[in-house]
Every structure is written in C-alpha cells, then in structure tokens.
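Input: structures, listed below.
Presented sequentially are two complexes of chain A, the first with chain B as partner and the second with chain C.
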Partner chain A sequence: MAAPALADTPTAAPGPRRRPRRPDARRRDHLVGWLLVAPAVAYFLVFLLYPALSALYYSFTDWDLRTPARWVGLANYADLLFDDVKYPHFWKSVRVTLQYTLIAVPLTLVTALVQALLVNAVRRGSNAFRLLLFLPVVTAEAAVGAIWRWLYDPRYGLVNSVLELFGIPGQNWLNTPELVVPALAFVSAWQCGISMIIYLAGLKGIPTAIIEAATIDGAGPLQRLRRVVMPMLRPTTFYLAVTGVIAALQVFGLVYVIFSGAGRSVTGGPEQAGLTYVLHLYLFAFRYDAMGAACAMSFVLLVLIVIVTALQFRFVRQEAA
Partner chain B sequence: MSRTIAGVTVTAALLAGLTACGGGGMDAAEGRTLTYWTYQDRTPQAGQVIEKIRKDFEKTNPGVSVKIVKIPKDDYNTKLGSAVAAKTAPDAGVLDQPLVSKYALDGTIKEVPAGLFPDGTYFKGALDTNLGSDGKYYGLPVDQIGVALFYNKKLVPSPPRTWDELKQVAAQVHQAHPDVAGMVVPKGDGYGAWMFPGVVAGAGGEMADVPGKKILFDQPPAVEALQLWADLLPSSPRKITDSDKPFENGLAAMQISGPWDVPTIREQFPDLDFSVAPLPYKTAPAGNIGGENSVVFSTTKNADLAWKWLLFLGNAANNGAVADAAGGFPVNTRATPVGTGPENEAFLAQLKVAHARPAMPQWIQINDEIIAPAIESALSGKATPRQALTDAAAKTRALLGWNG
Partner chain C sequence: MRRASIYLALVLLVAVSVVPFLWMVATSLKHGQDIYTKVPSLLPLDRRTGAWAATLENYAYVLQVGGLGRAFLNSAWVCLVLVPAKLLVDALAAYAFARIRFPGRDTLFVVLLGGMMVPAVTLLIPRLHVTQALGMFDSGWGLILPNVASVLDIFLLRQFFLSIPAELEEAALIDGAGRMQIFWRVVLPLSTPVLSVVTITSFLFHWNDLVWPLVVLNDPDLYTLPLALQQLVASPDGGRAYYVMAGATLAVLPVIGVLLVFQRRILQGIAFTGLKS
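Here is the complex of A and B:
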C-alpha cells in the first residue's frame, strides 16, 4: 500500500501510464473475484453462519431433535442460570471449566516457554527436539486419553512411580475429585507444542544485538530473560494467553476420552469433578435430548468467552516493552 | 423457513445415506418393501445371521422385500432422531430401551396392537422395557443383556448367594490377601447407576412407580442396597480397584459385569480362572436389564407387515440366533440360546428375574444427574446412604413435579 503522501508529491515517478479501465471490465473483475471466493463464501454461509444462526434460533426453543421445536423465549437461558432443579450441574460445570482454564493456560504457557528456550538454546538437533515436543499435538485424542489413563493409574502408573522416587506418595489421580482438574490441565500442558512453536518464532524475532548489548552491560542469563526476553515476547504471550483461554473454556475431547471407555459412562468423572462446560452441553444435546437448552448453553459460553477476552484486552499489557 | 431448509438438508443427507447403506436390498418391482433400521453388524457372522432371517421372512411372505439399513451404533440415535424429524423414518427399527418411553410420549412410534402375541411369549423384564409412561407397550424386545457376578475361582471357591455371604467373602479375601480387593464396587457414575436398580430389586424394591407417579429409591430396599456397596468398600479399597482392569489382573476377587466381558477376558487373560454367578440378593434373586427393542414408526404405511417382521425376529425359532447376533440373550421364553456353559446359565438365570428401568422419558438424565451423584456421595462417605437417597429423591420429585 502506498503512503498517501507519495501520491500528493508531483515529483514521484508516475509509473507506466495506464488507461483507465472501462466500467464493464471492472464489473467482470468483480464477477471473477466473487467466483474465486465463492467456495470460501459458500463454506462460510452454509457451514458456519447458517448453523450458528439456527443454533441461536433453537436456543429460544424446546427441541429434542425429533419433534417440532416449540418457542419458549428466554426460558432456556433463565432456567440454565437460575433453576438448579432442571440443571443441577450447570454452575458446577462453569466452575470446573474456569478452574481448568486457570490452571491449564498458565501451565501451558510456562511449559511452552521453557521448551522453546531449551530448543532455541541447542545448537545441534533442534529439529529433532522440536519434532519430539510437537508429537503430543498430532497424536490422536483417543490415544492421548488411553495413554494418560495408564500414566495416571493409581498402582502401576508412571506418574506415581516418578513421584514416589521423590518420596511423594502416589495419588489416585483420576478418581479423587480434587485432583481431576489439575490432572487434566497437566495433560493439556503436555500438549503445548503449538504454543512452543509460536514462542520459538517470537524468540527468533528478538534482535541478537539487544541481547548482546545486555550481555555487555553485564546482565546474566536470568536477568536477560526477565528484563529483555520476556518483555520482548509480550505480544506473543498475549496472543497465546487469549487463544489459550478460548480453547480451554471449550475443552471437551480430552475429558470425554479420559472418562469414557469400557464400563464407564461419560458423566464427568468422580462427583462430576471433570464435568466441563462443553461436556455438560454435549450430554444435554445428545444424551438427554435437550437440544434447545444445549444451544442456549453454547451462547452463554460465547458471551462468557467474549467477556473474558475483552477483560484480557483491557487489563493485560500486549505491546512489547 | 430455517426449519424447511434444515428439513431439506437432513432429508438429502439421509437419502444419500440410504442409497449408500442399503445396497443389499433391491426394491421389489411389485409388492411391498419394508425398511428396517438396525445397528451395524458386530461381526461378519452376525451379518450372515440377519441376512438369513431376512431371506426366510421374504420366503414366507411372498411379494414382500425387507430392506435392512445398518447404521453405526454411535450415530444411530442422532440419525434416527433426524429422520423422525424429517418424516423420513423407516417402517421399523431398533430403539434403545430408555428411548422407547420418550418416543412413545412424542407419538412418533406406534402402540403394540392388542393381542399381537400370546401372554408369556417374552420374558417380563425384557417386555417391560417397552412400556411407555402410560403403562402401554410400544415395542417388542429383540435381545436382552444384564449383569452378574464374576468371581475369581482361585480366591472365591464358591460364589456368594446372599448379600451377607458377599460381604463375608469379600472380607475374607481382603484379609487373606491385603493387596487384593474383595470386589470391584461400582461407582457413582452413569454405569453404576444403571446397575443399581438390579441390586435394589434384590432387596425387593423398585426405583419408581411410574403410573402411580411415585419415587421409591428413598425407601428401605434402595437404602439397604446402597449401604451394601458402602459396606463392601473397606474390604474393597478403591486404591486397588481403580487400577486398570483389577479383576482381570487378579487384584479383585469379584466384579459385577455383563456377558460382553466374558470373551474379552478369555482372550486377553487366558490364565484367569473365573466363572460367573447370579447376583447375590437379600430377599429375592433379581437383576437389571439392557438390550435392544424394536419399534414401528408412526409414519409407516406398512404397520401390519412391520409388526409381523418384529414378531419374526423374536419368535422361538429365530430369536436365539438374532439375540446372539446382537450380542445378547433371547427374549422369547421358548427360544434356545446359542451360547452354553456356566456363564450363560448365570446370565440367563439373571435375566429371568430382571427388572426394567422405570419407563419415563427423563430416566437417563435422572440416572446420570441425580442418582449417580447420590451413589457417589454415599460411597465417598460424604453422606449416609439414607441421606444421599432422600436428597436425590427430593430432587427427582421436584424435577418431575411428583408428590409421591
């Protein structure tokens, strides 16, 4: 894009003279343009906008997916928020999800940053490390669930074996209500590969001159990290925090896989300790045949996400120092 | 407007699905075609069984062709719901037990015509899973399944028959082998709550009286049943039983499970010496029930033919094979089960005294959201069984608007 100032300067090179295009040619251009974006627009309209709008409509109805939807106005929303006879675990699912987000997002960021710093520091084989650390992201969710069920096994699990090496007694991770959310958050931190790659890109973007200048001024590695690297990474951290929170508020697959399986039904683990918001929504949509209420839940979540994101934009510093 | 579009989309998707799935069934040029939806075959052999029955039916009913559409079990309920909404439901189809009363309430399935079959054709437990909340039948059972007591023969030489014996055996095992739990006590989740009514029935109780609009799971039989599970925990610590496959690994002497586990254990743990016995009881033998029913959809134009087909699936000659193909046991009292051996005997004995879940549309939700947490709070010691169930019953009454 040319700066406007240039256009006003008569001395600027006018460039090759072009005849003004005729209007019908421009119209043809428009048509071609629309044709080119048509697949994307059609996809957006049919698979994103239309379902979202119909979900909004159905959130004002009582609908079991089977019989005609019945308009109930705001009743679904009011019942969700205030009727604990109809939705006894709604607020529980909100609490579980917020708790999960509060643990999972910082844990993921710290893990990703540490991994990125380590990968950035190695001279040889950094590709291999990057690949290994990224593997958990590309592993199928079902496999991740199965593996972590074994890792968290109260008798034979690797997690407990490692803890016991340090003299910490083994825990019954997935069956103790207080430990369920931290255990789930830990798995998500283990899957921090994408954040790690983005941090790595952020690190590469810090000019070496600044680091060298700090070194010459006598800053040690920790000081450099605290005073130079972290402030320079602030936009990256902000981006990862915002997207991380949005993803964490919608956590579903992991919980579903970990708490389902042979002989277990997906009701969210011991005492509903793992009943995340979207799992709760899923149960109402597909197990209890209350699609109208489930649609309302999805819009309540949307509002929650918008509020949390707006708060982050308002109160978290996003520019690099 | 938006619903019309939704309808058209769903219809188009389903039509595409039908053409894709129903390759086998050529429409007869003349005569009638009956469309029947069922779950995808569990095994190739099961597919052959159903195919043979289909041909037999066509042979005995000249001019009729049966088109069987097989849908993966995980997608079945959603697909069926959409088809019903779009008025493209098949003539008949399989329906999960707890859904029968929901569909019945909507009027999307037909009531069983009076005198369709003689009394005593089906086991009572299995037949009762077809009740609507109005106390009428809305489907016919196809196969049934229930849970029984699995026991490790090395640790439990003879299986307990009563609750007292069960507690005694569990305590003895754990005392003799502190690393081994007496029994895998079910948990307060949806699955545990599904098994619970069978135990309650063993003390002579029921979960609810639907026609009378009464909740009964705060009554002594249910409280005693939950107390039994709580009493078993000291000799069956969760620290042991929460481990992966505790019974299979010899870490628990007993567990409650269903017939699906027998071949899996035999295959994966050939060294485990185990057998299956009916559930221990307090006053009378009893058990729970699961399995598949078949229903006729209201939109059908072939209702008489559809009922005929459902009767054919459940008759004395066919039902043994049909039920086995579906992974369960026959529902016809005169059908011969395919499997033999002590395990099958135990499950069959259990199913003769099985009690259906309360026939109310909200039961799954009550099971998951109210009863399961109540069981868990009693098992974790946060409430006594009586408190937990009294509280749960009050919540259920409030949800349903019942007074009893």
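Here is the complex of A and C:
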C-alpha cells in the first residue's frame, strides 16, 4: 500500500559522501519521531479509530447513550429496511436525499463551470469576480440557512419579488412539498465557489496551443468547448462529481437550520419533503435517543456512499472504453 | 460586443452571489416594520416615506437578549485555542512523518490516511460518547479536544515539508542542532505558505461549524455563534427577520474580513484542499 511517493524522504538515499550516523543518534531519532507523532496518534486512537469501531458495534445494539447497550444482532438493520411502523420515514428520507443529490450536484457543477469559463475569459477584474463568487462558500451553514429562509419568504422574500419582475408568480418555496428539494438544491448551487475555483485551475492547465490549433482549424467557441475544453476537463469534472455526491448524500446543517422554527419542531419541512438522510438520523439519535439505530443508519449510508461512488467509477471506465 | 456580453453575464452571476448578503445587511439595519414591504428594498428605508431610516437596535437586541454577544466571544475563544493547538499537533506529526526515520512510520501514516475515509456522521455519536466518558460533555474542552488534530492537515503539511530541500536540515544537523531546533528554526519559517492555508481553512471550518457544538453543548452560556444563530432562528423571534439577519451578519462579517485579507492564500489553498477540516 505504501506507494514510493509516500515511503521515502530524500535523506533515504545513501550518498557516498555521507558518513553513517552513530547508532545512538539513530536511536534518539526513533524516540523523537515517536514523541512527535504521539499526540496525533493518541487523537487518532481516541477520536477516530475507537469511535469508528464502536459505531459498528453499537449498530448491533439497542442503546440510548446513558444505559448499557443491549445486543440485538441485525434487528436495527432489519427494522430500518423493512419495518415501516417503527421507521415510517426511512425510505422517504432516502428518496429525498437521492432526489436532492440528483438535482444539486449537476446544478452545482454546471453553475461552477459557467462561472469558471466566464472568469477565465476576462482579463480585467477576474480576481474581484472570483472573490465575490466565492463569498457564499465561506459563510456558516447556520447563516446560509437563516439568509435563505428569509429570501424564500413567501410574502416579503426577495426571491419571489425577483420572479414577479419577470411575470412568474411567487411560490411558497419551503412549504410546498414539491418545491422543497429544488429550493434546497438551488442554495447548494449558490455555494458552488469551491468547484468554480477547481474548474478554474483545470482550465489554466489546458495548453493554449491546443485551443489555438482548434481555432485555426475553424472551430467556433461552442465547438471548442464541446470538443476540446470539456474532454480535457473530464478528470476535474469526475473528481468534483464524486466529492459532490458524497457531500450531498450527507447534507444536514442547511436543512436543520432552514426547517427549525417557532412552534414546529424540526421534522424536515412539509410532509417530510426536506427530511434528508442525515436529518432523519439526527432526529432518531437526539430526539428519540435511538443511538444504536442511528449508528446502523450511518453504516447504511456508508454502504450507500460506497455503492454510488463505485457506480460512478464504473460509468467513467465504460465511457472511456 | 462579445466581451461586453461576458462581462454582463459575470455581473449577473455575481449579483446572485452577493445580493443575498446585501439584503441580509439591509434587513439587519431596518426598523421592524420597515422590512414588510411589497417591493423589498436593498436599503434601510422607511416603509411609508422612503426616507433613510437605519438603526442598530436589532444588533443591540441580539447581542444582549439573544445571547449572540456571548456566543461571539465563545466562538472567538474556541478558535483562538483550537486553531493553534491543532496546527501544532498536526505540524509536529507531519514533520516526523516527513523527515524522521522511526520503525513503523510508513505503516502508521497509511493507517492514519485510512481514517479519512470514514464519513463524519458515522463518527458523530461514538465521538460524543467518548467525549462524555472523558467528562468533557457540555464544556469548552469538549469543543476543543475532539477536534484537535486533522489527518488531512497532517497530510498537506507533510507533503510541503517533503518539498523542502533536505540539505538545509542536514547542514544544521552537522552543525549540532537538535531535531526540535531544526523544526522551529528551519522548517517552520520556510513553510509559511502551507501553514497559513491550514490555519485559515481550519479557522473557517471551526468558526462556522454547527454540528459538533449542536451535539456536545447543552448550556446556552457556552453556545458558539452558529449554534446561537440557529437557536435564534428556532426561537419565537425566528419570525422576525430583522433580528435573525443581524445575527447572521455578525456570523458572516469576520469571515468576510478573513477572506478579503487572505484571498490569495485561500483561493490557492482551496484548489488542493477543499474547505474541509
């Protein structure tokens, strides 16, 4: 597993002019090395490795975080998948999350690509444009949720006023089940700045000679985009699609804030239209103290992520063949 | 003509990015009744007369009554302790992984990298359990210690340390300098680009983080800014957009400041790190 790039430092190559270091110096190095990594390794054991393993164990138990866990075998998994009395909204949350992912990821990538192409095409002010387009990314989820709740306000919100300028009737975005997922996906595309920056780096990596050659051969801007630029950006697009899907399947903070409100507890919006997978998990863990079931949900999600990612790799390999 | 249309498209896209922030600030400066207008205004204007009518009373309210003043200080404290501590833990480990030969080093490093593959949500509940078992639930330490190292940051720092010519350190070793002296006097000063990227992204991440404070804190006196803002949204005042937008502005302003000051480093850094921690 240790690739050569990971294994060797430049000091490893024995140069003829270098005297071998004394054994006690080497032993001291061993000690110093272990001391330096000790805090990080302790952190890793306590807050990463142990939690990961114990999450797997607790997923086979009935557990409320306070009293000792009770082993129940595969019951949590079976109930999640098949018991729609105990978990009436589990499959709903899976559907909502997949739907959100299918809208949000392509929308984000297209917006990011358009932004990157435009920023790349201008000379003056490209830094300022880049910076302003990046602003939504560094904003806290809590603030993003708060801002968009107000933007989507059915009566006084800016979104509806802008739509009415174009003669489109205003909508009650966050209270109409069919509109909730598209509204959330739009917010995610609003935060596409990281993808835009990464696309921009990809665009800078395309040799100008290739673009010029295509131009001389008579390719117009759209043809160049389709036949030259897009194919050369494929690794970037693939990377962004994979990481984007993994993030979208875990969307939580935004929905949590946007649907927390006076009088109604967080339930994921009208008819659970915004009940994403992780929100569902959170509610079972922290509302109903079903920690064991929540751990099981997190492993089902892990499997879902692995499957979706593997499908993406497969799809790309088929396309390339 | 073509150039003009490119600029026009860019201005439109930038407007979509930025106008929500302008509206946030405008709403936060309006008197309560002035936000309920048929045609929303991007300036704090009086609903009837259209005259300039800005006020800071919403800020005064959320800072005191809404508890956002205390939350702002809590967030600042947490970041002030957590970000340097995390940088130190990560840099020490990264240096050892990059430069010091000790048994088991490469295996250990690969195992650590494997830890990055586990989704955060899988770790959330057992991590909370560990935090409780260590007696740090609902405390400042509970915000700091469970976040005090990052495998991704160790990886990034190690990659950079590897790119520093080893001859510099060997010369210092021959001159009798110890490992730690070399680390502080030679390696760290040469690493400011990567150190600043790691510092800034880790500040942004922890300043903005909602999920961990949400599960580990009960005491409202300890709430961080994102959590206090979420509570404001969820409170009966949540319907009052002028309060919520004042709170959101408080959360966003420091981050915009950091972005403006360190824009070059952040945008360069993003290209290879993303914004995760």
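Definition applied: the second predicted complex is superposed on the first by the 270 of 321 C-alpha atoms of A that agree within 3 Å, B and C clash if a C-alpha of one lies under 4 Å from a C-alpha of the other, contacts with A are read in each partner's own complex, and residues count from 1 in each chain.
Going forward, a contact is a pair of C-beta atoms (placed from the backbone, for glycine too) under 8 Å apart; a residue touches a chain by one contact, two chains touch by 3 or more.
These figures come from a predicted structure and were not determined experimentally.
Contact with chain C, but none with chain B, is seen for A:Leu158 once the two complexes are overlaid on the shared chain. In the superposition on chain A, contact is made by A:Arg149 with both chain B and chain C. By the document's definition of touching, of the two partners only chain C reaches A:Leu48; chain B does not. By the touch criterion stated above, A:Ala69 is placed in contact with chain B alone, chain C being left untouched.
In the superposed model, A:Phe129 lies in contact with chain C only, and not with chain B.
When the shared chain is aligned, chain B comes close enough to touch A:Lys86, but chain C does not.
Touch counts on chain A: comparing chain C and chain B, the chain ahead is C. In the overlay built on the shared chain, the residue A:Phe286 is in contact with chain B and with chain C. Of the two partner chains placed by superposition, only chain C is touched by A:Ala294; chain B is not. Of the two partner chains placed around the shared chain by superposition, chain C is the only one that A:Val119 touches, whereas chain B remains out of contact.
Chain A uses residues 50, 54, 65, 149-150, 153, 155-156, 263, 266, 286 to touch chain B in one structure and chain C in the other. In the complex of the two chains, the chain A residues touching chain B come out as 50, 53-54, 57, 64-69, 85-86, 88-89, 149-150, 153-156, 172, 174-175, 177, 263-267, 269-272, 283, 286-289. Contact residues of chain B toward chain A in the complex are 2-3, 5-6, 77-78, 81-82, 84-85, 102-103, 106, 108, 187-191, 194, 238-240, 242-244, 251, 257, 362, 364-365, 368-370, 372-373, 376-377, 380, 395, 398-399. Looking at the complex, you find that chain C touches chain A at residues 3, 6-7, 9-10, 13-14, 16-21, 23-24, 27, 35-37, 39-40, 89-90, 92-93, 95-103, 105-110, 112, 115, 118-130, 132, 145-146, 148-149, 151, 154, 162, 165-166, 170, 179-180, 204, 207-208, 210-211, 214-215, 225-227, 229-230, 232-239, 241, 244-245, 247-248, 251-252, 255-256, 258-260, 263, 266-267, 270-271, 274-275. By the touch rule above, chain A contacts chain C in their complex via residues 1-2, 6-7, 9-12, 18, 26, 29-34, 36-37, 39-41, 43-44, 46-52, 54-55, 58, 65, 111, 114-115, 118-119, 121-122, 127, 129-143, 145-151, 153, 155-158, 161, 190, 193-194, 197-198, 200-201, 243, 246, 250, 252-253, 256-257, 260-263, 266, 278, 281, 285-286, 291, 294-295, 298-299, 301-302, 305.
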